[in-house]
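Naming follows writing order (A, B, C and D), and every chain is counted from residue 1.
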Amino acid sequence: MARPKSVVNGLSSAGLYRGMYCPPAMQAVFSARQTLQSMLDVEAALASALVRAGVVPARALPAIRRACQADLYDPAALQAAGRLAGNLAIPLVKALTAEVAARSRPAAKYVHWGATSQDIIDTGLVLQMRAGFGLLLADLARLDRVVAALARRHRRSVMAGRTWLQQAAPVTFGLKAAGWLSALRRDRARLRRAAAETAVLQFGGAVGTLAALGPAAPKVASALAAELRLVLPDLSWHGQRDRIVEAASALGILTGNLGKIARDVSLLMQTEIAEVAEPAAAGRGGSSTMPHKRNAVGCAAVLALAQRVPPLVAALMAAMPQEHERGLGGWQAEWPLLPEVFELTAGALAQMTDALDGLEVDAARMRRNLDATDGLIMAEAVALALAGKIGKPAAHHLLETASLEAVRRRQPLQVVLHGMPEVMRHLDAAALRRLFMPANYLGQADRQITRVLKRRG
Amino acid sequence: MARPKSVVNGLSSAGLYRGMYCPPAMQAVFSARQTLQSMLDVEAALASALVRAGVVPARALPAIRRACQADLYDPAALQAAGRLAGNLAIPLVKALTAEVAARSRPAAKYVHWGATSQDIIDTGLVLQMRAGFGLLLADLARLDRVVAALARRHRRSVMAGRTWLQQAAPVTFGLKAAGWLSALRRDRARLRRAAAETAVLQFGGAVGTLAALGPAAPKVASALAAELRLVLPDLSWHGQRDRIVEAASALGILTGNLGKIARDVSLLMQTEIAEVAEPAAAGRGGSSTMPHKRNAVGCAAVLALAQRVPPLVAALMAAMPQEHERGLGGWQAEWPLLPEVFELTAGALAQMTDALDGLEVDAARMRRNLDATDGLIMAEAVALALAGKIGKPAAHHLLETASLEAVRRRQPLQVVLHGMPEVMRHLDAAALRRLFMPANYLGQADRQITRVLKRRG
Amino acid sequence: MARPKSVVNGLSSAGLYRGMYCPPAMQAVFSARQTLQSMLDVEAALASALVRAGVVPARALPAIRRACQADLYDPAALQAAGRLAGNLAIPLVKALTAEVAARSRPAAKYVHWGATSQDIIDTGLVLQMRAGFGLLLADLARLDRVVAALARRHRRSVMAGRTWLQQAAPVTFGLKAAGWLSALRRDRARLRRAAAETAVLQFGGAVGTLAALGPAAPKVASALAAELRLVLPDLSWHGQRDRIVEAASALGILTGNLGKIARDVSLLMQTEIAEVAEPAAAGRGGSSTMPHKRNAVGCAAVLALAQRVPPLVAALMAAMPQEHERGLGGWQAEWPLLPEVFELTAGALAQMTDALDGLEVDAARMRRNLDATDGLIMAEAVALALAGKIGKPAAHHLLETASLEAVRRRQPLQVVLHGMPEVMRHLDAAALRRLFMPANYLGQADRQITRVLKRRG
Amino acid sequence: MARPKSVVNGLSSAGLYRGMYCPPAMQAVFSARQTLQSMLDVEAALASALVRAGVVPARALPAIRRACQADLYDPAALQAAGRLAGNLAIPLVKALTAEVAARSRPAAKYVHWGATSQDIIDTGLVLQMRAGFGLLLADLARLDRVVAALARRHRRSVMAGRTWLQQAAPVTFGLKAAGWLSALRRDRARLRRAAAETAVLQFGGAVGTLAALGPAAPKVASALAAELRLVLPDLSWHGQRDRIVEAASALGILTGNLGKIARDVSLLMQTEIAEVAEPAAAGRGGSSTMPHKRNAVGCAAVLALAQRVPPLVAALMAAMPQEHERGLGGWQAEWPLLPEVFELTAGALAQMTDALDGLEVDAARMRRNLDATDGLIMAEAVALALAGKIGKPAAHHLLETASLEAVRRRQPLQVVLHGMPEVMRHLDAAALRRLFMPANYLGQADRQITRVLKRRG
C-alpha cells in the first residue's frame, strides 16, 4: 500500500483534540520545534561552558551558537533517524555537527563534547518544564483572582449544601468558592515547589561520571548550570526519576482540584437546579433548537482532562524502576508523557478559568431551591433551638415526628410544627419563622471565607 | 476565519514522539484529516440513507456528497469553534451546511437530518477503528510469520531457561518463540472479535429514540447501517461504552504480549549474555565509539509503549460511568484516548516486528552460556537418572552434596560426580557425560513447538 | 518497638472495607483458606494423575489426598515462610510433604512430583477464577432479571432524556433500563468467554518443558487436566499472562457498566430531581434528623468500585512483560490483584442489584420534571410538525423565535405559540396540545425496548 | 446482631499476600481495629473539646472516654451495618452512643455532638496517616544508613556502568549506591512535608459550617485540634482532597525509587552477571536442587509493589472531583485505597532494606565482568588520551578502526592497539596498560559520592 507521505507527522486526531483545550502558549512550549530548540539551547550553553572552563577555544563558539537554531533542522528527518537511533538527540547532534562544520570545520569537533544524549534530552525537558511552570503559575494566579471574586461577591448568596447529592443544610455560594480557592492556593505552593525542584541540570556523560572531561569536569558542570540558571545537583540523575514524577503529581493534583470545581459547576447547571451557568457566548455550549439549553462545555472539558491526567502520572510513576545507569523502556516512556501532562493541565486550567470568569450565578434560584424540601432542610436548626428548652433528645424526637408528618401530609415542615402545641409552647410564630430562614443557620461560613481570602497563596 | 497563532496545531512534542513509532498507515487512519473525513463519510451516508428511505429528495444528494470532503474544511478553525461548542461535530455540521448551501441552497436543509453530534462522532470513530483493526491484523499476521520462523528455525537451539532471572534448566530458543507465538495467536482472535463487536452503527438522534425521523426512522437506520456496512444495534449506545473499552483492552493486551517479547529480547541482548541482537542497520542502536554496543532500540520502544497503553485503557474504563443519555466528561475523554491506543499499539507492533525480523541469534553463545553454572543447571537431570537406581531421596541427597561441593571447590559438577564412587557405581563416564548434555533434557519442548505451529491463529 | 503479634494477619482496614461490599460467597472463593485449598487441590489431582500415568504407585495416593486439606496448615506460618521463599507454594509444599510423611513416609517422596511452584499457584488461581466466574454469572443473571423487569414495567414511564446533564427530549425510564440491560448482556457474553479462556491448566515444571517427567509427561499432563476438568494448553504459560488480563478486563468492563447505572440512578435521586430512590430499609442510607434524605449508598459503593477496578486492571496489563521462563515482579504483582478484581466486581454487582431490586420509581415526578422547561423540551416536536406545512427552515425559525420569547416572558412555550397566528394557521389548539404531550414524541423507544428484551444474553 | 457466615472477615487472599510484605507495625496502624480506634479517639477528643468549650458538662466526659475503646465493638457487625448506612461512622456512633448510655444515660446525648460522619472518618484517617508516616520515616532512616554504608564501602569497587542494558563505561558500586541514596533523601523530605500537610483536622459538621455548634464552634474546633495535636485549617475539606493525594503521591514516588534499586539489584544478580546477591538465609530465595540459585525474592517483592502502588495513586487522584459538600463515589473509594498505599509502601521499604542489609557484593566479579568486552569498554578513555597528541578526530578514527578490528579478530582491544604503530608512537606499553585500567577512568565518581554522603536528608 502506498503510504501518503504528507499526512505523516501532520496533525493527528489526538493532536486535534489536545489543541482544542491547550492554550497556544503552552502548546508553544511543548511544540516539536521548542523540543528541538531546548536541546539546542543546552548544546549552545554547553559550548559556552566548555569555553569558560578553558576546554574549548573561544573561537569555536560563534559557529556552534549560530547552528543551535531549531529552524535549521527537519523534524521529520530527525524523527525517522531517531526511530533507528533510539532517541532524538543522536540524530540532532549529528545534524548539528554537520551544520557547525558547514560554518567552521574546526568548531565541529567540539559539539556535544563530554555530554551524552540523555544530558541533552533531560536538560532540554527541564528548560521546557521551567517555561511550563511559569505559564501555569500565571494562569493559576488569574484563576485565583476569579475564584476569590466569586467568594467575596457571593459571601451571602445562600444555597443548599449537598452531601451524597442530597440537600443537607444551607451554605453560601461564597463558601463553596472559598473551598475551591483554598485548594487552588495549595496547588500554587505545590507548583512552585515542583518548579524549584525540577530546575536541575542533567550532566553526567556516558555513565554519570563525566570521565570524558577529565579534571575540567567540575568547572564545566558549574559553568553549564550557571549558563542555564539551573541548580547543579550532587550527581546526575539519569536513572533516578523522582523529581520528574513529583512535578507530574503536582500537576495531576491541580487537575483534580479543577475537576472538583467542574463537577460542582456542572451539577449546579442541571436543568432542574439551574443555579449557575457557564458564560454565554456566540457558539458556546448552545443549541439552536433549545434556547434553554446551556451545555457545561468548559466543565466537560475539565472533567475529561481530570480523568486523563492521573493515568499519565501513574505511568510516569510506574516507569521509575529504570535499569542501571540509563534505562530501557521507562525513560523512553517519559518523553511524550511529561509534555502531555503539562498540556492537559494547562488545558484544564484555561477551560475552568473561561467557565468561571463570567459565570452566571442565579442567587434567587439558589434561594428558591432551598425550598425543595419544604423546610425539612431546616429541621436540624429547629431541633437545636428547642434543645435549649426541652433537652436534645426530646427536641430531636419532636422534629423527627414532625418531619415524617410533613412528608406524609406533603405540607411544609413549618406548617406542621406550627400546629404542634408542644412546639409552640416554646417558640412563637416569629421565632419559628426566623428558624426557617437559612441565612440564620450558616455557622462559621462567613468567618471561613474571610480566613481563606486573607491567606496568601 | 482568523487562525490562532502559527505555532498552534503544529507538531507537538508528544506528536513528535508518537510519530517516531507509529507506522504511517496508522497515522493516516487517525490523522486529524481522516477524523474529519470519517465524520463526513457518515454525513454522506446519512444523506444517501435518507434518500433511500424517501425522507429526502434524491436531487439533494449530489451537493451533500460533494461537500463531504475533508479538504474543504480548516481543522484549526473547527478546533477553535469546537472548543466553544464542546465538540467538533457541531462546527463541522455548520461548515458542511454552508458548503452544501453554496452548491445547492435547497439541499442544505437536509444536512445532518435526524442525527445528533454524537451519532456522527461515534460512527466516524467506528469507521476509523475498523480501518485501524484492519491494519493491526495485517501487521500481526506479518509478525506471526516472523515469530513462527524463529520457532521453527531454533527448534533445537538449546539455551538456558531462566526463572527469577536465574538460570534454571535448559530450553530451546524455539520454545521461547513458540511461547510468544501462542500469545500472539490469541491476540489475533481477540482483535478479530473486538473488530466485529465495534463495527456497530451509532444512530439515535438527540436522546436515542430517533423521534425526529418519525415513522421513517427504522428504514433510515437500516439504510445507514447498510451504506456503511455496519451492524445495526438494538438501540443506540451513546451512554453505554463497553464495546469501545473492550476494543481498547484487546489492544492493551496485545501491547502487553509484545512487551513480554521485548523484555526477553532486551535481556538476552545484555553484554554479558549476548545471545541475540536486534538487526544491525546504519544508524540503528549503535554507538560510534563502542562497536560492541548494540542498543535494543526496538525493545526499548516496545517496553515504553507497553507501559503507556495500560493507563490509557484504564482511563477509558474509568470513564464508563457516563451521565444519562449523553455524558459530560467521560465521553469527551474518549476522543483522543482511543486513537492514541491504536497508534501506540501499532507502534509497538511495528517496532517489535522490525526487531525480530532479522534478529541475530547466536546459538553458539546460547550453548556456551549454559556452562555458566559449571553444570549445576543439569543437577536435576542427573538426580532423576540416579533416582531410577537408588530411589529419589537418596539421589536427591547425593546431588545436593555434590552441588555444594562443586560450588565450594569451584569445579564442574560433572567432575565432582565423577569422583564419587556412590555415583559411578550406577553410571559410567559416557552415561554421565550424556546426562550433562542439555539437549538430552528438553522434555516436551519439541512437541510443544509443533503443537503451537500447527494451530491456526 | 515491640510489635503486637496478634494484630498481624487480622482484619485490615482495606479488608474491613472490602468486606463491606463483597458478598460472602465471593469472599469465600478468594479467602486465604481457599487460596491454600485450591493449591492443595492441584497437588491432590497431580498425585492422582501421576498414578493414572503409572509414574507413582497407587498406594501413595491416600496419604497425599488426606493431607491436602487447608485446615491442616497455618496461614500465618506459611506467610512468614513465603516472605523468605518468595512465594507461598514453596512452604506449602514443604509442609504438605511433612504432613504426608507423617501418614506414610514412602508417599512423601511423590508429593509435587514434576511440578514447579508456579504450576501450583497458577492452576490454583485458575480454579478460584472458575468458581468466581460461576458466582458472577449467577449474580449477573439475577441483575438481568431485575433490570429487564424495570424495562418492561416502565416502558411507558415518560421522563426527560438528558444530555450533558441538561434536559434534551423525552425518553422513557424503560428505555433507560433497556440501555443498561443491553450492556449487561454483552457483559454476560464477555464473562462466559473469559471463563472459558482461563479454564486452562498450568503445568510445565521448572521451565515449561516437563523434562523431569521424562516420556510420561504427556500422559501426566492429560490426566491432570482431566482430573481438574481444565483445558490442556499447547504449552505452559508461565510467562504469557494475556488470558489473566483478559479475564480482568472483562470484569473491569462489567464494573464500568454497573458504574453507568449507578451514575444514572444517583443523579435521578438528587433532591431536586427525585425520580427514583434506592429501596428503603432500616438503617439504609437514611439520616435520623432529615427524613427526606435518602442517600444513594448502593450507587456510591458501585461508583467507588468502578473507580477502583480499572487501575487494578491496568496494573495487571502493565505487569505482562515478564522475564523469560518465569518473571520477577510482574507475576508476584498478580497474586493479590486478580482476587481483588473479582471481589470488587462482585461487590459492585451485589450493591447494584440491591439498589435496583426494589428501586422506587416515581413516574409522576418524572412526568412533572418534564415541565421544568415550560415546554421548551418539546420545541423540536412542534418544529417537525410545522415543517410538513411550511418547510423546515421556516418552521425552525418560528420555533426559535417563540422559544426565546417564552424564556423572556417566563411563559410556557405552548402559550406563546398559541398567541402566534402564523402558527395557529396550521395547527388547531388540540393539535398543539397533542404536540406538547411528551408521550407522542418517543420515536422508536418502544421498539427498542422490545428488541433488547427479546435478545438472549 | 447475627454475624454473617463464618468465612466473612476471615483473611482474604489479598490480605494473605499483603501480610507477606507489610511489616507488623504498619499492619497494626491500618488494622480494622485501629481504624475503629482512631475514629473513637476523635470522638473522645471531641467530647473533651466540647467540655473545654463549655458546650457539654464535664461530668459527661468519663463515660464517653471509657466507651471509646475499639475492643468494645464488633467489626463484623459494624461492617454489615456500614454496608447499609453507607459508611462505618454511622453505625459506630450508634454503637458508641449505646455503650455510653449503658454507663451514663445523660452523657449519651453528647456523643458526636456537632460532628458529621466524615469529620470522624477523615480525622481518624489523619491520625492513622500520622502514625504511618512516623513508621515510614523511621524505616527510611534505617535504609538510608544501609545504603550510605554501601556507598562508603564500595567507593572504589569498580564495575561496568550499563546503559540500555549494555556495558558502557566504568563506574563504581559506591556511585550506584550514592545515586540510590540521593533519591531516598529526597523521599525523606517529601514524606516529612506530606506528613506535615496532612496533619490537619477535619471538622465541619453536616456541610462544613459547624452551624449546629452555634457561636461555640470556633472554640470547639480549636480545642479539638489542640487535643489531637493537629493543624486547624481555614475551613473543612470534605470535598477538597488534594492533601490526601499529595500524601499518596509521595509514597508512590518512594516506592518508585525503591523499585529502581530493586531493578538494579535483581539485574546484577543474574546468573551471568552475579555481582551481588541478596543475603542468604535459611529458606530465603533458595532451591534445594540448585545450590547456585539465589532468587532475588526481596527485589521481586519490591518490583511487584512498585507496579501496584502507582495505579492506586492514580485512582485517588482521579477520585478528586467529588460532588458538592460531600461526594458520592470518590470519597468512598479513598477508604481502602489510602491504607493500601501505606501498607504496600511500607512493605516495599521493608523488603528493600532486608535485601540490601547484608547484600553480598562480589567486587572481584564486578572487576572481571568489565573484561566482558575485551577492553572495548575503555575505547573512549584511550581515544581521549590520544586526542591530546593527535587531535580528537584522528584519535577517534584510530579507535574506531581498532575496535572493529578487535571484534573481527576476537582479540582484546589492548592487543590490537599494541600492534598499531600509529598508536604506540604516542603511548608506551605501560601507558597503554594504565589506560585500560577502569579505575583510572572514573571521572567525578568519588567526589559525587562524597557530596551525597555529606548532604543531610
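FYI, a residue touches a chain if its C-beta (ideal position, glycine included) is under 8 Å from a C-beta of that chain, and two chains touch if they have at least 3 such contacts.
Note that the coordinates shown come from a computational prediction; the quantities given were computed from them, not determined experimentally.
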item	value
Repeated interface matching A-C, over half of the contact pairs identical, chosen among A-B, C-D or B-D	B-D
Which of B-D and A-D has more C-beta contact pairs	A-D
Centre distance in Å when chain B and chain D are each reduced to the mean of their C-alpha atoms	32
Centroid distance [mean C-alpha coordinates] between chain D and chain A, Å	25
Junction residues of chain A - those touching two or more other chains	86, 162-165, 168, 262, 266-267, 285, 295-297, 300, 303, 306-307, 310-311, 314-315, 318, 328, 380
Interfacial residue positions of chain A with respect to chain C in the complex	160, 162-168, 266-267, 269-273, 285, 288-297, 300, 311, 314, 318, 369, 372-373, 376-377, 379-380, 383, 396, 399-400, 403-404, 407
Touch list for chain A against partner chain B, complex	1, 3-5, 7-21, 24, 27-28, 30-35, 75-76, 79, 81-86, 88, 91, 128, 262, 266, 281-286, 295-297, 299-308, 310-312, 314-315, 318-319, 328-333, 335-337, 339-340, 343
List of chain C residues in touch with chain B within their complex	86, 109, 161-165, 168-171, 175-176, 178-180, 182-183, 186-187, 190, 197, 205-214, 217-218, 233-235, 237-243, 245-246, 249, 252-253, 256-257, 259-260, 262-264, 267, 303, 306-307, 309-311, 313-315, 317-318, 320-328, 380-381, 384, 391-393, 441-445, 447-448, 451-452, 455
